[in-house]
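Take a look at the structures below.
Two complexes, one shared chain (subunit A), two partners (subunit B, subunit C).
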Partner chain A sequence: MWDETFETTLRGFLPFLGEDEELTPDTPLRDVGLDSLGTVELLAALERAYDVHFQDDALSLETFRTPAVLWAALSALIHQAA
Partner chain B sequence: MSAENPAEDRTGTAGGDPAGIRPGKALVFPGMSASPFTEVGKFMLVDPVARELADRAGEVLGYHLVDRFRDEEGAGDYSEAAQVAFLVNCLASARWAADNLGFTPDVCTGPSFGEKALAAHTGALSFEDAVRMTAGGARCMEDYFRTAHQDVVTHSFLRTPAERLAELFAEFESRGEFHEVSCHVDHDFHMVSMNESSLEWFLPALRAGGGMSLYTMRPPVHCTAFGPLRARVEEEVFAGLTFHDPRLPVVADQDGSVLITAEGVRTMLLDSFVTPMNWPSVVASLKGLGVRTVCVAGPDALFGRVPVTRDAFEVVPASPAVAMRPRSRPRRTAAGAGPARRA
Partner chain C sequence: MDPLSVGDRITGAAAGTENSPRSRLVHGLLAEAAADSPDSRAVTDASGTWTYAETETAAHAFAAWLSDQGLGRGDRLVVQLPTTRDLVAMFFGAAMLGVVFVPLNPGMKTFHLAPVLANAEPSLVLVGPAALETVSALTGAEVRDQDSVLAEVRKYAETGAEAPRTPVAPDDVAVLVYTSGSTAAPKAVICPHAQITFASAAIERVIGYRPDDVVLCRFPLSWDYGLYKVLLSVIGSSEIVLADDASDLVLLRRIRETGATVVPIVPSLAAMIVRLAERDEEPAPRVRLFTNTGAALPQSTIDSLRTLFPGSRVVRQYGQTECKRITVMPPDRERERPDSVGLPLPGTEVLILDEHGRPLPAGETGEIVAVGPHVMPGYWRNPEQTDRAFRPHPAGGLRLHTGDYGRLDADGYLYFDGRRDDMFKRKGVRMSTVEIESAATDIDGVRAAAVLPPDGDRDLVLFVETHRGRHEVLRELNARLEAQKVPSVCHVVDAIPLTPNGKNDRKKLAEILEGTHQ
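Now for the complex of A and B:
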């Protein structure tokens, strides 16, 4: 499961997800308001928060399909940077 | 040419400060993005101006616009009905901003599809002619791309500054493959037309340089190769339209030039088929004119949000979603409940 920074950062880009609603690993992020430009803004926010740089296959909209997919891609980058 | 506007040249373009205008507020009609009935249907059914415009559009089209738009939602994001519905929603949003936010623009612009709404809003075209132009253009495009340029797509991507874009274009050239910028959205955000087969090498190369791929549009847009389409639309659609000088100065989305004549607006609309859209040049032009605040009228997920816009202006969104928010939907004035006079 992801950490609090990820949860807080991600929720900031999901206008259709209520404060009391649970963010599950399989929540389709597009359905809760993550559009194309929001995806890019989220990408930049995660890079700043974790001091990583997305590249190659991670730079596709598929990476931002669900919290689980995104966290897996981010975790791999954090691991590489460590 | 108008005697009142000595700065204007014969193409209807004015340099600098046309007619002594010192604008502070600009109305921006957005380019078209997917705007399904589920997102805008309530606005079209509830907002009195949207309802009236939809009814008037239906009289021109010969079918009930809202019903067709709702029933054909599976027909694609850019069907004829979807395009006219987008036009209606942009114009009604501008009226909502005037009535509810008191937004009175000094200058008007519209990237890409937004050109159509600005033509109606400024009176360069009557609303009915704007509907004819939108629907007729949609039909011509659908027919044209049924056989022409079937292998060409327009791909959008960002996080790719000019230097990196130049490297990618050098790769296109070394391979001898077609490529052309169709839209400059921001300094690191572009839409490029290319053969679909080029995506095979382009996408990995883009991502290897840190670029983010967004989506691929088919049919493609704004490309010099579409001269035959421009000619066909001019002959089959524009020949039946009557253009007037716009009531507000218009900033052309291709190069930021200021237009004040009927011919200038007409040429901008036709050139849109074959000339790239350049939003940063529009932003620079608006700044040069003294604009500080822009109201983006219509469903927008892009132009009011990109950094080049946010860094330059205070952005006031006036979309169907904003208009339908209970807290921000004050009672319309009696004047606002009447016909959409501007359109």
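Now for the complex of A and C:
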């Protein structure tokens, strides 16, 4: 499971998800309000928070489909950086 | 010769032959480019590139196929398809037959699709395979899936089929563009060949697309902004890259890979490009023009674009689908008058009128009214809305009452002020409070709804009377409207405050939002 920074950062870009509603690993992010601009800003926010850089081939909509997929891609980068 | 001499700065009146499009027919523009530059790159999408000659061949094949389906002059062809080379061929092919091309946003949901199909009354509807069943249930017209159609069209192309000779007149309708209006369902702007070709040539003359330009178009053809980019590219013998399907995350890479020199933007797209360029680690791509429309670009975005893309110019424009474009700031004057949206399109005029229809002097704010050969004839099968916006001009023809307010300066530059009604733009797209409120009240359990349009730093906000959760309401709304029209904030209230006339009291709503009035 992901850490709190990830949860907080991600929730900031999901306007259709209530504070009291659970963010599950498989929640389709688009359905809870992650739009194009939100995706780009989320990318920049995660890169800043974790001091990593997503390579071009990771920049697909697939990477931003669900929390689980996104966390997996991010963890791989954090691991590399460590 | 300076294309904008002093005389036409104010009215753009020096139309003359210099400003006439080479052809007054949409498909005529393609024929000329195919004759002049047959081997130049014309249209690129994710799967490849066509030259001008190949684009012309594909358009002829589609026209021949379409004619064999029994469609002819005046019939409507509705397409709800992704923006690809094939869609461009369909656009020009339909024009060759005098068939009216009706491109719909692939993001349009059943909630709007049903009334739109009833209004367009098409002879044929083309959709993606996944949509075949749902769309067939909405209309009595024949609905075909794109894949099977393209397989048939390919056979026509292999035999070099040509469009049957059809007399098409400049006043014939080429396209219906569905756009959001003051009504709950979208309405269609009637776009004849003459108006489309005039406006395209006039814009091209100010902005100046070149044969070595590569135009990266992130917008769908269903939006007239995307559709006209195709025409501007054809007039300039430039290459257009259709990137509507591309993920915005790779936008910068697409700009670099395609060698894009011209990138049409709206403010939200510009914000994304800036964000991506800021985190980029490679040398800046060689973009020479960013052309903006949809809403004013914040000065900070303009500054960032200039810094991140050295040597680029940011062109400000203003318009409405009802006459395509109203003003353009010439690229070489981009740094002058930073608050202006530019000069009237060459060959057209902008008037500022008071509430009685009397012209106001420079400096005074009134309704922006457009006059000229770019003004469309009205809305499709909607006389009431047509009469409101398109009114007879004393000097002849129709003029467009935009409902937008602004002023001209002494040199004829236009300054946009805002609207006095329920219409507004968000993420570059025009919409109305009525449209969003009626979609919200369509949701089970929502008794009443009111919308506050964006204002300054405040984004679009929805208020609802309901027992349901606010996030649930937003998700339901998301199933009914295109993404741009779904607010990111929703408040559940006991009762929507009303004015003495029974209208939603937006002033009170704004107060609720600011917490000054509980």
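Basically, the second predicted complex is superposed on the first by the 82 of 82 C-alpha atoms of A that agree within 3 Å, B and C clash if a C-alpha of one lies under 4 Å from a C-alpha of the other, contacts with A are read in each partner's own complex, and residues count from 1 in each chain.
Simple rule for what comes next: a contact is a pair of C-beta atoms (placed from the backbone, for glycine too) under 8 Å apart; a residue touches a chain by one contact, two chains touch by 3 or more.
Since the model is a prediction, treat every value here as computed from it, not as a measurement.
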Self-check item: Dominant toucher of subunit A (residue count), subunit B or subunit C
Solution: C
Quiz item: Thinking of the overlay built on chain A, is A:Glu7 touched by subunit B (first), by subunit C (second), by both, or by neither?
Solution: neither
Quiz item: Looking at the overlay, what does A:Ser60 touch: subunit B (first), subunit C (second), both, or neither?
Solution: both
Practice problem: Based on the superposed arrangement, let me know which partner A:Gly18 touches: subunit B (first), subunit C (second), both, or neither? | Solution: second
Practice problem: With the two complexes superposed on chain A, say which partner A:Glu47 touches: subunit B (first), subunit C (second), both, or neither. | Solution: second
Exercise. Return first, second, both or neither, reflecting whether A:Val32 touches subunit B, subunit C, both chains, or no partner chain.
Key: second
Exercise. Would you tell me the residues on subunit A in contact with subunit B in one complex that are also in contact with subunit C in the other?
Key: 35-37, 39-40, 43, 53, 56, 59-61
Practice problem: Would you pull the subunit B residues touching subunit A in the complex into a rising list? | Solution: 158-159, 204, 206-208, 210-215, 301-302, 305-306
Quiz item: What residues on subunit C touch subunit A, complex-wise?
Solution: 247-250, 253, 268, 271-272, 275-276, 278-279, 281, 427, 469-471, 474-475, 478, 483, 486-489
Exercise. Report the residues of subunit A in contact with subunit C in the complex, numbered from low to high.
Key: 15-18, 21, 31-33, 35-37, 39-41, 43-44, 47, 53, 56, 59-61, 63-64
Quiz prompt | Contact footprint of subunit B on subunit A as seen in their complex | solution = 35-37, 39-40, 43, 53-61
